[in-house]
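Before I ask anything, let me first share the structure, which is written out below as structure tokens.
In this document, chain identifiers A, B, C, D and E correspond to the written order of the chains, with residue numbering beginning at 1 in each.
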């Protein structure tokens, strides 16, 4: 156990990769075996995540102090340019790690029904999981970037090969958008590299923690306007992933065309990477610039909230509606972060976590009805509540969770964001709060058009949700409820780190 | 007879050659232009080697230029003939199968 | 007993989960489970009430608080329960009505395909409502606020196959969300300024002046917005009538007795934080609502619609009562109203159950067929009409008195309108309620087919009626209520507010002499309330400052109340008399009245003009859409809601297009620009050798020239 | 100092190996009755293999100037010899697979190939302008013949015609520049030339010379505006030859470009090799502009191509542009970046062409539409091609990304941010057209789903090419060090 | 040195440049070839004046004796003799002319303005020196040149050899395209 504990993060990251390798070597025509291998390879990280939950020390803050990170592994990778394999976990990454592990496993189960080129699908998916995990554990910017990019290819193929009718367009659009963003990130990365030095060796470094201590910055990086430029470069890179208006247009296409499980991952984990990157890199490395841009970021967040909700209301495709709703929800995250108050920051982080679960549920559910009816037109249904009561109950649960009903995680996150950011941006928050009306409106509207009212005879014999699908959804339901009623366990994970983060940023004022 | 005069002559030769290359449609004529350029160059070399205290490197270079010119001409003409036998013409601008 | 109070809400929650999960498989589909849990809750509430009653202390307070959300090292949000006299009373009200409705539903919903789910929903509602009552902080009342909204959504849309039903549910939820938006803003203001959300902590902070002036007023109005939505006050009252699409017991429980009263309860709960301006605001909305809806109720023919509008109207009374400073009055009316309105609804339910119709035009003479229903219904009607001896009289009279008192003390004579409006509406209430009774139970049956099939309901349905009717007598309430539920002292820092001085002094006068310390300590688990402490600090000064004025005020109050009593009795009986005259004795043929007075109305103010046309429209139910109060109601207010909805949809449509064409278009444009330039550059590759050489020479030359010069 | 001719022979083994093979091929061609047999192919494989071994074992040491200062024998030269020889090796395999060349007499083809290789050896080590010119022609003339090797085909012949005329003109311009340098310094030794130029002040003729020389080298590496021959030649020539052109001569071109400018125009001394002649001439901006122009033109035009060969031709122009980024400041770090990039470029580009050969063998075509559904028809080849293409795009975890990182790092380190941004946007554009092929292969259903056979040898070659492409993306320390060393030995 | 030498120089220069210009502009390719011949001869003359006797000889031999003949052969082979007019059309004149003139201006300006380290040229036979250099210092280029010539030879032979199979194959593919 000791060995595993000390390398637990690496295990979580590379076990899926191992699984992918095994799958590629699996004999032909053994589709079932492949699925089981994939399930195992994605379930082991879940077990490790549980282990992580119990052995993680909630009192250590991390963020910018190497000694306070946990499960740290630091090996020299490319000595000539000081690239390190430097990973560790703190309160910012913990929730994301747990979320990733869980959702990936559920997604594998959720894609049990895939029959086309299952081998490639599962292999790519596991590769994707490795990329996601790696991104969340990296403390070396180069490593972070590599993992960040590693996610692109699998995602591109998963959308492009197993996607819907306009898959090619969606896939390449996603790819181009994200690559453009990451190229900017690469430039910033190199600029940081050449303008910071490792205090011990005096050599240039990719170590994120070194970037955070102003003393290691030499040359022009001390100049504010340069820092502004770098911050913006990084911010755009992350904003595309979040996605923030106006960089969000890849999202609806990608979500709509992607197969169900992939939409789940896309919305559940990938979107979080943008905000995670802001928390992990942008804020602590450029505290002064962060404060300088707090208001614009908050404005963007509010725009996302309102804009996403309105767009969602206009949709006739159920999946697109859900996609836009996540645009709206990610707006809360940014708003909360921009406030730079402990409550707001924690709220943002919790919102990331809870939105991860809620939106995953939503996409699963959309997938369920799509598998049966083979379309997602909201107006094409009607009165399904009579035929598929259980399914309806799940959808109702997910929808109410998504519209921020008390007792479910979304509500707490949103309230914390509101309470945390209102003292800072009063008018903005009031405008943003209007969002709760729109959000409620489009959710209930959709709910009614699909499930309530007179039954559409076409679907009189619609098949009820099956055990496997319930198996995917049940854990999420439970978690959403637990977090919604008693969020402290999750909050305790983040508290120390996020408070430290806020102090770190605030100190420059 | 001074160095700069020679250089100017070479320059003139060079430009004529370039002009020929650019304006001729007949590949053979274009090749003539190339030859002119090469000659211009070797004039330069020889002139320099004469005026710079008899550094023989220039003349050696000129020798090699002549040699290579010959080789080049041989290959080029062979290619032109092959082209003539396949397309029935050696006009360079009729050869625009490859473009875009 | 009181130390177990926190258990109460979880009992129904338990039955909810069980019933949702396995309800279908339970014997009797689990209705007994829900009934049992709520009954236990009722028992506990009675126990609590008993303790509170024994303490008999106006300032009784029981706190149970523990941290809920901790960020960093300090707890930012707490959870817990607060029990004072008001809570105890509300607990009792909610559990009693809820239990009876459960009982009633067993008969009423018998044989419904989703029987067990119905009871599950009832349970989740009871859970939310009890939580709302017990909640200790603004945040948690907001939380349960939303939850009751949810359960109301579920129950209104219970028969969701009916489009109208699901529409009504959606409408109710969204309209409430609009109110909650204001509520949320109020909470945000409070938290931003005070940094806490527990009632007493907030009052303490406000007392310290952390939040004052216009901001405080705004916070108060914001919180009141929640009440507007939930208690169906103008202009958000439009959802309540539609909500009648739900099963009748639900209407009785949620949309008459408890949930809609939550708004009033909220106002009473946070009473100390309101500034005089906020009070005026509240009072005006109450007034508009009670009058508007009463006039509408005059002419409805759907038995449940009449009751719905009358509910709005009564809620208006309560809100106005609170607004004009009649704290005890408003809350007393809440309590009494819960009983008799629930009785009325359940009665209507049993009538509907009997004749399978809701149109009073098709009823008549039912008193012979269903005597128990008739008697109970009549008692409740007498109560609502404010006939002496019945509960309605007791509470409504107090409200009228408060209104009159307010008017008399107020600087501007305009404020008399509260009393006048309320008084007049009292008459209207009596009139339309008796119109209902007469058309339903008296006279000759209009639809004999229905009449012949009518029958008395089973005991499970009439027992609740009897109990509730029993609770409609005033002796239950008179005395103790006024003592236990007393107006808390306002903590608002009035310095910054330019309100009529008299209002302020009136509030001071209303402060009762604080109870001695000993008693407070005696009360079990009682945390000395800050409000009370305030009383200690400020009350003597106030008294010293205005002792003679206080006695003067007391005199005025007495006078006002006596005037109010007589006038209300008079008006009430006048209303009843008119009702009989018109609909029973037939001395006046309603239709003939219509014809006679129509020309007259052309010379009267618009209002009456609208009223009459409104009558006409209800009689042949189509022309209503364009004129009269109904027109006003249906088109302007509801229209506003729909309009905003449509606007929202439209805007969102535009935004959607914007997203497709502009934002996305920019990206695609970029792409096409790239490829375009590609094809341009590509054209350079002509395939003509001499072009290539030309570019070579030209390129070299240009580079040279750039570099050289 | 300079080694005499006899003393130098020991350091000249790779060249000997190649020359010997050429002569052997001639003999074989004369004696053998079946010119179409693959013996010559195997022979040349052996020769090149031997050359690689010899180049590898021959100790470069501190670097010495041999043959009376005609050529240098140093790490830089060895690096490029191995590189080009490797490229040739792969191309030979490719040629033996190619359908274009099947059924033609083989010997000449390999003779030309090997002469080109010899030329590249010399080009990457030449330190005397005479030698340099000869080497350049030795690379060019056989290349013309390779381009025109498909005698029957108009396209091939036309390609050869354009190539020869353009090449001759370009080299003519170049040697004119040489003549001016000779005139200024009176020496044919580039080291000499560099030294006396550093002393002299004459900027105008020097600039003239520099530009004219740049024409010659720019033509070899196909840099805008001297690139226009390449797409046509690449499309017309037999695919293996195209692959060869896009790597070998390009690499050699970079070698000579770097060596020549570094020796002649840069301040002496390793590491610090920034432009010394920035007095009147803003070299960094000049080459930055060239690089930006090159990559942009290459990418933008490539977007519009439907013929994969032509598409790759333009993309290789773009890659030349990327590599020029490393040349902008003529710093040792930049040159190291170029060397590193050449290594990864070798594998990914040749790999891509290899798959193109395999596909066109089967589908008789090189249009993108011919690649439709390759993912199901020949999964292995398709995956390999996808890897190569994404490596070319520069996406982790493939080697192309690391190469780009080094190049970006150089310009960013020197503060030429705009160039970095331009390059970044360019790689986004390049993704677009590379992805078109991937999309055709995997996202679209083929018209005929018949499987495409991939010979075992070819598969092995693909693995051999794909493995470095992936491994170097994850662990590239050794190659980076080798590149660094090669740079350090450059200045002698 | 004076008069006669200068006269010869100017004559040679005039012949060289004039002929070159004729090459550039003459409409008939045969005439152009002849003009080229004169230009080469002129260059040879200049070599003599520059005391490059060996070069002059090589110039005459290789160019006049070899390349020109090759060119003429090519001209005849690449034109159907049957149709008498062997024209040499041109195009794209103005831009080309513009570029060339500017280039000429630049080159000659550079030539004139640059202070070359000019010494007094001396007249000595060069053949021996060249021969020695080719055997010692420039041995490697000499040898490489041989390889190059070999390759060129083979190439020329390969291209001129008719390759029926391939051409048939080629046409087949043309057909397919």
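Convention: a contact is a pair of C-beta atoms (placed from the backbone, for glycine too) under 8 Å apart; a residue touches a chain by one contact, two chains touch by 3 or more.
In this text the structure is predicted, and so the values were computed from the model without any measurement.
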Minimum number of chain-to-chain touching steps separating subunit B from subunit D: 1
Farthest chain relative to subunit E (centres taken as mean CA coordinates): C
Per-chain CA centroid nearest to the all-protein CA mean: A
Contact-richer chain pair [B-E vs A-C]: B-E
Distance from subunit D to subunit A - Cα centre to Cα centre, in angstrom: 43
Distance from subunit D to subunit C - Cα centre to Cα centre, in angstrom: 81
Chain centre separation (subunit C, subunit E; CA means) in Å: 104
Centroid distance [mean C-alpha coordinates] between subunit E and subunit D, Å: 30
In subunit B, residues with contacts to at least two other chains: 7, 10, 14, 17-18, 21-25, 27, 30-31, 33, 47-49, 52-53, 60, 64, 68, 71-72, 75, 79-80, 82, 86, 92-93, 95, 97-100
Multi-chain contact residues (two or more partners), subunit A: 176
Shared-contact residues (touching 2 or more other chains) in subunit E: 91-92, 95-96, 99-100, 103, 106-107, 111, 116-117, 138, 141, 145, 148, 152, 155, 159, 167, 170
Touching chain combinations (by label order): A-C, A-D, B-C, B-D, B-E, C-D, C-E, D-E
Complex contact set, residues of subunit C against subunit E: 690-691, 694, 697-698, 701, 704, 708
Subunit A residues within the subunit C interface of the complex: 173, 176-177, 245-246, 248-249, 307, 309-315, 342-343, 346, 383, 385-386, 393, 400, 405-407, 411-412, 415-416, 418-419, 422-423, 426, 429-430, 433-434, 436-438, 440-442, 444-445, 448, 451-455, 487-488, 491, 495, 498-499
Residues on subunit D engaged by subunit B in the complex (per definition of touch): 129-130, 133-134, 137, 141, 144-145, 148, 151-155, 157-162, 164-165, 168-169, 172-173, 175-176, 178-180, 182-183, 186-188, 231-232, 235-236, 304-305, 310
Residue ranges of subunit C touching subunit B (in the complex, touch as defined): 682-683, 685-690, 693-694, 697
Residues of subunit C that touch subunit D when the two form their complex: 671, 674-675, 677-679, 681-682, 684-685, 687, 689, 691-693, 695-700, 703-704, 706-708
